[in-house]
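Should a chain be cited, it is by its letter among A, B and C, assigned in written order, with residues numbered from 1 in that chain.
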Amino acid sequence: MMSFYKSTLPKWILFICGIVVLIASIFVVPEPLKNVSNEIQHFTSILTSFAICLGAVSLGINNVKRTVKKQSGWCYSIVLLISLIATIGIGISLGRKSANFMWIYNYLYMPLQAAIYSILFFQVGTAVYRTFIVKNPTATVLLIFACLTILGGAPAITCTIPGLTALNDWILAVPQMSGSRGIMIGLGVGIIGISVRTILGREKAYQMGEE
Amino acid sequence: MDKRYIYVLLFVVGSIPFFVPMVLPLPITEMTSKYNDFIESIPDGSIVAFNVQIYRSTWPMLGSGSAVTTTRLFEKDCRIVFFTMSASGVPMIDFNVQEAFKINPKLSDKVYGADWVDLGFVSGDESGLAAFLTNIPGVLPTDSNGTPLEDIPIMKGIKTGGDIKYVINAAGSVSSPPLYFQRQWVAKYGVKLGLIAVKSTGPQVTPFIEAGEMQGALIGTGGCAEYEALTQKPGPALSLTNAGSITIIFLMLLMVASNINYYRGRK
Amino acid sequence: MDPSPIIGMLMVLVMWSSLYKENPLYLIGENMLVGVSMGYFFVIAYNFIQTSCIKPMIAGSYYLVIAVVLGLMLFFNLHKKYSWVSRYPMWFIMGTSAALAMTGAIKAQITDQIRATILPVLSISSPMDIFNSIITLVLVIAGIMYFIFTREVKGPIRHVRTVGYWLLIITFGVLFGSTVLYRVDFFLGQLNKVLKPEIRPCTLLSAILILVVVKLWSRWQEQKGVVDE
């Protein structure tokens, strides 16, 4: 009986949601069915916000456990918890348009996020030195086209080498576009396959933890 | 060689243009040309939807493209419905409009509610966008200030994604691919869409541009700099693109050096 | 003078200090980033739930209580014994997302792309356009054929597959070059912020100070006999 509630009923919900939205999207359906499909999509939008809140709560709980048990790096967990609780407290009590909340966004969140992403530039720099080696035909072709693209992003080069911009435009519009289109069509077929398997309950990847 | 020496060189080379500014001619690429043609082809007074998904951290790269686009749309008396598919983009809508007013101060008489509106955050990526487009007032009954949509003049008659004919998608993150805008808005409602995106997204969207499903794109700082030059509204993107030249030349020299090193070691 | 831009600059330099060596300053910054970002997302998501669900529900759309109940069921994921309850909302999302992705992909990624590949070949335009459209048609077919893994491709068709392989290498080369340019753009954007003329002396001083602190900490760790990972 429990396995009906734990596994079978959720699968039926998945199937019904998928089929209703699919039919309403493809065919011209009566207004009530269209409205049901619209509300299912609306509910999905709301549930993703709940999922974000779940993520924050889960993060907080895990770090509280780490602090209480004094596991490795627990001092940093305190920093995390203070930041998390302060941000949520300020945002909810003063409002998301308040000066304090915006200060956190502009001078803490954004600079930290930007800095951590920009570190990848240095990894690219070392990758250029250590791995951009012309070892075989595949690497040669890959590097030639990578270099043409990179040089196309430098005005100092494009204004000294005539035709480089036009060449880059042609590479983007013909060979690269053809490859991307082939990948996109393949991806589209893959999406249809996975979506059908998901709606029919045959996709095992999301059923982790199911008995 | 210790990688930290490479880091130091990258820092030094990257910093040079900020101490020694330079001005270089800038060739215009086809994608930027198409984007400019698209913006200019939007009839004056049209309603345009604008997804501001550029964050404060990606603003130096793409912000000027977004601000100049907003300026041009306001100069054409277009009415803009702003929203964002990302939580981090929420404060950037107002920032984007203020930057547009700085570019052309005559536009600061544009009225909120009549000329532009900030609908705020739409949760859920692809499913959220699909829900939003099927019933805009249902998903967001109020704007970001809490005003009901029925009280906002610009939103009169706008119920679904098909009621807006022109869309600008400023997708400033690698993790926010514009594919789902194509799938949920262009494919279903036949709107015309222009894109502002980071450099790594450029190759991924060329099939849409060549198929006519996307009218044009500003790709990376270079694309935004080209648009600044085309619209004669110079801004930060032009100087950043010039700064990038030296860093790119250095990366190429690094690559040549590594290959020379490799083949010398093999002998 | 408003110290806020200086605080923003210090945050950037603290994170960049990890390039020298991972250190406590960087770890504090990293954990602060995680805490602040999740807190920020929580507030925005909470606002969206208020706007899109709670307020309309109180105003009369009582059916939205189903969404609230499903949303609260998500939190059962935190409990080992009752985590199966969270399957209801999660599989609800998955069913909807799968259907939406499929319907969009059929038109935008398959039929429209195939049409855009074939139609230009049939239309009369300039010789260069005809040449480009024929090349595109051949290359797209070659690219798609490369993805046939269900059975071994034999005979002359395997040469088409080889063309597809090289085409994909070109595509990945261009993608790789674009990614490098993106990283360059991103870094220079941040460097532009920290090297703004108003805060430049402060930036240079702070950078030297942070480097000295990290170096001293690193020496102290070595003296303590801590093994580098």
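As a convention for this text, a contact is a pair of C-beta atoms (placed from the backbone, for glycine too) under 8 Å apart; a residue touches a chain by one contact, two chains touch by 3 or more.
Note that the structure is a prediction, hence the values are computed from the model and not measured.
Top-ranked chain pair, ordered by C-beta pairs in contact, is A-C. Note: the chain lying farthest from chain A is B, by mean C-alpha position.
Between chain B and chain C the centroid-to-centroid distance comes to 16 Å (mean Cα coordinates, whole Å).
Here the CA centre of chain A is 5 Å from the CA centre of chain C. Each of the following residues of chain C touches two or more other chains: 19, 40-41, 44-45, 47-48, 52, 93, 96-97, 100-101, 103, 105, 108-109, 113, 116, 136, 171, 174-175, 178-181, 184, 186-187, 189-190, 193. Looking at chain B, residues 7, 10, 57-58, 87-88, 90, 122-123, 127, 130, 139, 188, 199, 202-204, 207, 210, 220, 222, 244, 248, 251 sit in touch with two or more other chains. Chain contacts: chain A has residues 25, 39, 41-42, 44-49, 52, 96, 105-106, 109-111, 113-114, 117, 121-122, 124, 128, 143, 147, 150, 153, 172-173, 176-177, 180-181, 184 touching two or more partner chains.
Against chain C, in their complex, chain A makes its touches with residues 5-7, 9-11, 13-19, 21-22, 25-26, 39-59, 61, 73, 76-77, 79-88, 91-92, 96, 101, 103-122, 124, 128, 138, 141-150, 152-153, 170-189, 191-192, 194-196, 198-199, 206, 209-210. Of all residues in chain C, only 19-20, 40-41, 44-45, 47-48, 51-52, 55-56, 93, 96-97, 100-101, 103-105, 107-109, 112-113, 115-116, 136, 171, 174-175, 178-182, 184-193, 195 touch chain B in the complex they form.
By the touch criterion given at the top, residues 4, 7, 10, 14-15, 18, 57-61, 87-88, 90, 120-123, 126-127, 130, 139-142, 146, 174, 179-180, 182-184, 186-188, 198-204, 207-208, 210-213, 220-222, 236, 239-240, 243-244, 247-248, 251 of chain B touch chain C in their complex. On the chain A side of its complex with chain B, the touching residues are 25, 37-39, 41-42, 44-49, 52, 96-97, 102, 105-106, 109-111, 113-114, 117, 121-122, 124-126, 128-130, 132-134, 143, 147, 150-151, 153-159, 165, 168-169, 172-173, 176-177, 180-181, 184. On chain C, the positions that touch chain A within their shared complex are 4-5, 7-9, 11-16, 18-19, 27-49, 52-53, 63-64, 66-67, 70-72, 74-75, 77-78, 83-84, 87-103, 105-106, 108-110, 113-114, 116-117, 132, 135-136, 139-140, 142-144, 146-147, 164, 166-181, 183-184, 186-187, 189-190, 193.
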